[in-house]
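Provided herewith is a single structure, encoded as structure tokens, for subsequent inquiry.
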């Protein structure tokens, strides 16, 4: 209640350097911030900006070659830099705790969860095992862990990812730490699980009065859990302000750029545009002498290139590292010419293509009741000997839809919902189990080995992970040229010219022809991946989360590029993503999948407002929206996704459906009968027992979406 | 209200091996007067105050200035702290009234809040308590502050509350203290929202046996 | 939409030479690898020199028997009065530089027994490992079962069996090394293939309908190169080790060319009267194997760092 | 769990089958005409052919493989029509085959075209009497009889017409009439612990093999018991001190030890301890089968040699695994939880770090066995290794096959143990 003037954590002018062969690299420079009791301080930034390094520096865990080069880290008034390892050890886990990105990795696979938790107490507090056990169970209950006492006896792999993260959080809170550092704690989790964990974090923060340092790349998450935000760029903190200020009035050009390049839930390609930040983040050993952001800044002047700005405190408490922040008015911002041209064409296309994107176009891809089952073998002796009952993972069940030519169908769903299997089946990496699938009147239920070249050529794919999309052993030119040679679309002698043309249309220069993948950045690799998919001039491109592994500023550029491609070549696309905002932005139609089943499908616009499927509703309410002023309904799903081996009877969603109670007998029908497809007009179909009127009567999850 | 609702969580603590000078620096920098001294696992072993760190004349004796400096530099928190035996502590579940009485009784400015095993979970100071009482009286909110004198008969207060409910006024804070001049009477202090001063005065004065002794609008 | 980097220049695309130099600088980046390379090169040079010149004819008994090192015979002489240094130098040849074909005409092919043995193992191991790893299913089951059976043979027993079955000869030893080396390399290639086949570029190749052999040999194999070559280097070491052991047991490379293992074996019989004799060939084998091991180890470490 | 065990077992059995078949056919095909080796190159083709028949080598290879693996008495019994049993011969300690007829043990022999029956007496001697047998009718009118001869073969005699055979005796070769036409050498097969006769000595392989197996197990077992704790200890020490001088010393030292062939290590140990310092006997001279129990000093240098070679490898594996584990995120978690370093190493790292090398170490028992062969050869230690070595030099397929099979069994068994240990230590397998 009394706020002592001193913060829990005060970092001043921190610089962290790593010794590498032939010198050292300053991963972090001039970082200053402080966190008070009960505060949740976000540190946002793109990958490689040094945000995790700051966290590691605080707990002094920089590895053998890292060290704090300058600055101080004051924790409860005492400088952590220069403390003995033993003193630091006593602080860690007691006064300072940390939660990491991947809970599976963070827990010891060969120790029972209980033992891992208890030792925090027994080591720091020296209390008895049984007492520690009681306290751990208490703490597990406080993080809403079902069946807490049993969980103590389990191993990490026996509980789900969301539960693992709860255990990690409980473990961190056991000693009631003054500072809790969370490094991307929800990044590895699905959106509905993420939402529940974020709720939990917010609740625990109030309850424990703990100062939280929250590291993330996701602006939406920041808006949901943080009170203060520091934006990092290339190892420096460029802006610091309250969360409301950061989103309402970003001061630094980088922050402004960052906010411009993420789609907000509800935006679409017809009405809005994404503006990527040009250029790329300079590596630590090649940072410019002046302002680190100057090379990418639209407002850069000579002074910016000569002189590195300091973190200035503005009158309203905002800290900014920019020489000219007072002179910059984001409202007056105009995109640089090239970007503007690009964005305009995109918008123009979107308008022009509207007729095509409605469902009037001739369907290019038609699925009817497509199924894909995988056989599974159990672990029992009977199964091993082949005597057990044959069982299947029902990865895709009864997929029925058609995709008009030139339009984009977005498929959303959480991991394991079968969206990847669906497109693998369409492209032929997997045979389908039953049902019909036609592509331009060709049957595509068979796998690739049964298809002829002409068909193979028409379906191409863009992959998720930029690091694995290209073969590291071949040059860019060779890899883009290969499909041309393989399908004979281009005479051998002209392949090089064609590849260069394609590279240029990807906005990569001809000089990329001879580069090896390791010389490219993630965004560039993704462009090459798109170029390779386009090389055979396919009619249908399947995009498997093409931007989810990219930083937001790059993500925008890739999305624009894909839109551009679609406009020029009238390509049809299937677009898989777990990010509902991106899907909404990019797609004409959207299908929502849950546990192998399409739950709802229809025009993108219709999906995001009532009437919608209860699962869609839960998904929408879970999406972190990068705007702290937006009010979102809080609908959380209970339990975890059931196994696809024995999916729930009736409606597959019934085990977790929060709306079931609206039906008579608490929705007994949902457990018995497969729901009907209800037509909501304009090709919008919902797979639910609830009457359309009830579904339509739901309040919109996000207010701003209703007005749309 | 309990101690855990008003205490400062995660207080600044020091280890007994810290030098006294360093402890003093921490107190000055953080503008605090008390530092719990803890060992492994935040177990309380003592408390230091600014007074304890001040050199006493008899200690200095005939030392010259260099010796004083040297002694000071060597002085550890462990040797100047108030040992645990002499430190009053409270648990987080103690009520604030009892805590306040403990403080007034023993004339202490600060109490470490400990859980079982003497693990420090917070610290509560006089200022914290004052602040809680302010809150209990509804200080932060705008509204009408009214003091009513009434008899201490059962049902007397209920009359007042009924009127409040009828008028749909919100009660933000409530407190009472005995009227020292009239035996059997006491004053009730109420903080009301959604009411204006004049209306409150007339309505409350209409209650038989009760009298508004003070009314003011607080912003 | 400008992604063309404006701030930093991407290094110009590397020529073949500069790539080779990159790889070489990788070696010199590691002190361990450099030391290993120097040892191996030393023996290689000695071996090449011995093809044209040795201090004395390696197989002629020109001197007094069992001499300690002196100014004429720098490393002394053996029990038949042959110059040990000359024999050591010539001993490098069969291991690293030449393989004698069977038959009367005494034809040799370049590349030592150890080298060819490992090349054979590389070939079979890669083919089997790729098929097992990429195709999976029954291919994997069968190939791995057979290889497991091979692995179950202790290497030396396998050598003994092969030697029992066939006449002594360089090619038999090559065969033996190939057989013993294949399972290890196949396992390695398989695990690499299992990893690499999950990469998206393999999906990309599949979606353009490439044949399995194209995917295995053109898409997967080049990316497995690094670890496989490191392993092969290690295996050349094992092969030399094995050749030495076989020579020592008297069932290795046939005479007359000097062979380190048999040199040790010969000298061992006189160990109580002339201990020195066993030392030079023992040190020769150990140093060459250690050199190769150091080199491979250093490379592996650098490769790991590089890939991170 | 069940899946894992069944898989391992099936795999082990399959491995053994493949190995045995490979071994058999490889040696049969590869080793050429064994009769040359037995009879010497001065023997005539006629002698060799006769001898081949006597050894049953005229049967197809698959038939002989089955005989070798599972025994030939099954098919011999069908031919003879009587149960065949083995009886231990007290004087030679070898097994003799007899046919059992009406409670009597009988064999037959032919002299001057007449068949005689030998009936076994309780004291082991036999009584000869004219045979009263049922001759069977062959295709071209000739009568034949299947019986058991005195050399443990099931044989087919032709009525009234003995074949001419060359019989090997201690004195040399003798041409005899009255020989049978076909032979099925009787054996119980490898699966029933009968590996056949050594061509080199003429004695059953199994009899000579067992004491040697014991000796080898003592040698290898001792080395294993010394190596494992020591190497794991050194590996862990090096692993948790990665990059320090301790690590360097252990790593480079381990590398040097691993890369030095056993015979070189052995020679140097002999030089140092046997020749220069004379503290341990340099060669193992076995005066009696129990010499190693009477003079344990004999074991010191062989065990040291084996230890030296294995030590480096296992230590390096453990180190690598430890280093990897120490970099794992959950170790980071433990450190961030403020666990003392000792506890991190002992409670968090060790178990996971030992998991990876345990299977590799068990696989490496092969290597140990390879080392055993060489070490036994260097020190003249009478174990399995020197046995297979001398058998291989001589080219004795039965002996090599049996010894090699035994070594393979040891290798496969250790791998099974390794798998089981891995399973027990790894909860992810135990509970899935």
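Each chain carries a letter (A, B, C and D) given by its place in the written order, and its residues are counted from 1.
What we mean here is this: contacts are C-beta pairs under 8 Å (C-beta built on N, C-alpha and C of every residue); 3 or more make two chains touch, one makes a residue touch a chain.
Since the structure is predicted, the reported quantities are computational estimates derived from the model, not experimental observations.
S.K.: Sort out for me whether A-D or A-B is joined by the greater number of C-beta contact pairs.
M.R.: A-D
S.K.: Relative to chain B, which chain's C-alpha centre is the most remote?
M.R.: D
S.K.: Averaging over Cα atoms per chain, report the distance between chain A and chain B in Å.
M.R.: 47
S.K.: Between chain A and chain D, what distance separates the C-alpha centroids? Give it in angstrom.
M.R.: 59
S.K.: With chain centres defined as C-alpha means, what is the inter-centre distance between chain B and chain D in Å?
M.R.: So the centroids are 86 Å from each other.
S.K.: Determine the centre-to-centre distance between chain B and chain C, using the mean Cα coordinates as centres, and give it in whole Å.
M.R.: 80
S.K.: Where in chain A do residues touch two or more other chains at once?
M.R.: Where chain A meets two or more other chains at a single residue, that happens at 90, 94, 124.
S.K.: Could you list the positions in chain B whose residues touch two or more of the other chains?
M.R.: If we look for residues of chain B contacting two or more partner chains, we find none.
S.K.: Check the chains against each other and report every pair that touches.
M.R.: Chains touch in the following pairs: A-B, A-C, A-D, C-D.
S.K.: So in the complex, which bits of chain A are touching chain B?
M.R.: Per the stated touch rule, the residues are 1-2, 4-6, 8, 37-38, 76-78, 87, 90, 94-95, 124-127, 175-179, 208-211.
S.K.: Within their complex, state which residues of chain A touch chain C.
M.R.: Per the touch definition, chain A meets chain C at residues 21, 276, 278-280, 282-283, 286, 288, 295-296, 336, 338-339, 342, 427-429, 448, 451, 453, 456-457, 459-461, 463-465, 468-475, 479, 482-483, 486-487, 507-509, 511, 513-516, 519-521, 523-524, 527, 529, 532-533, 536, 554, 557, 560-561, 564.
S.K.: Hey, which residues of chain D end up touching chain A in the complex?
M.R.: Residue list for chain D touching chain A: 1-3, 6-7, 242-243, 328-340, 343, 347-348, 351-352, 355, 425-428, 431-432.
S.K.: Any idea which chain C residues touch chain D in the complex?
M.R.: For chain C paired with chain D, touching residues are 145-146, 148-149, 151-157, 160-166, 237, 241, 244-245, 248-251, 261, 264-265, 268, 271-272, 275, 278-279, 282, 285-286, 289-290, 292-294, 297.
S.K.: Going by the contact rule set out above, which residues of chain B touch chain A in the complex?
M.R.: Interface residues on the chain B side: 6-15, 18, 22, 26, 29-32, 40-43, 117, 119, 121, 125, 127-128, 131-132.
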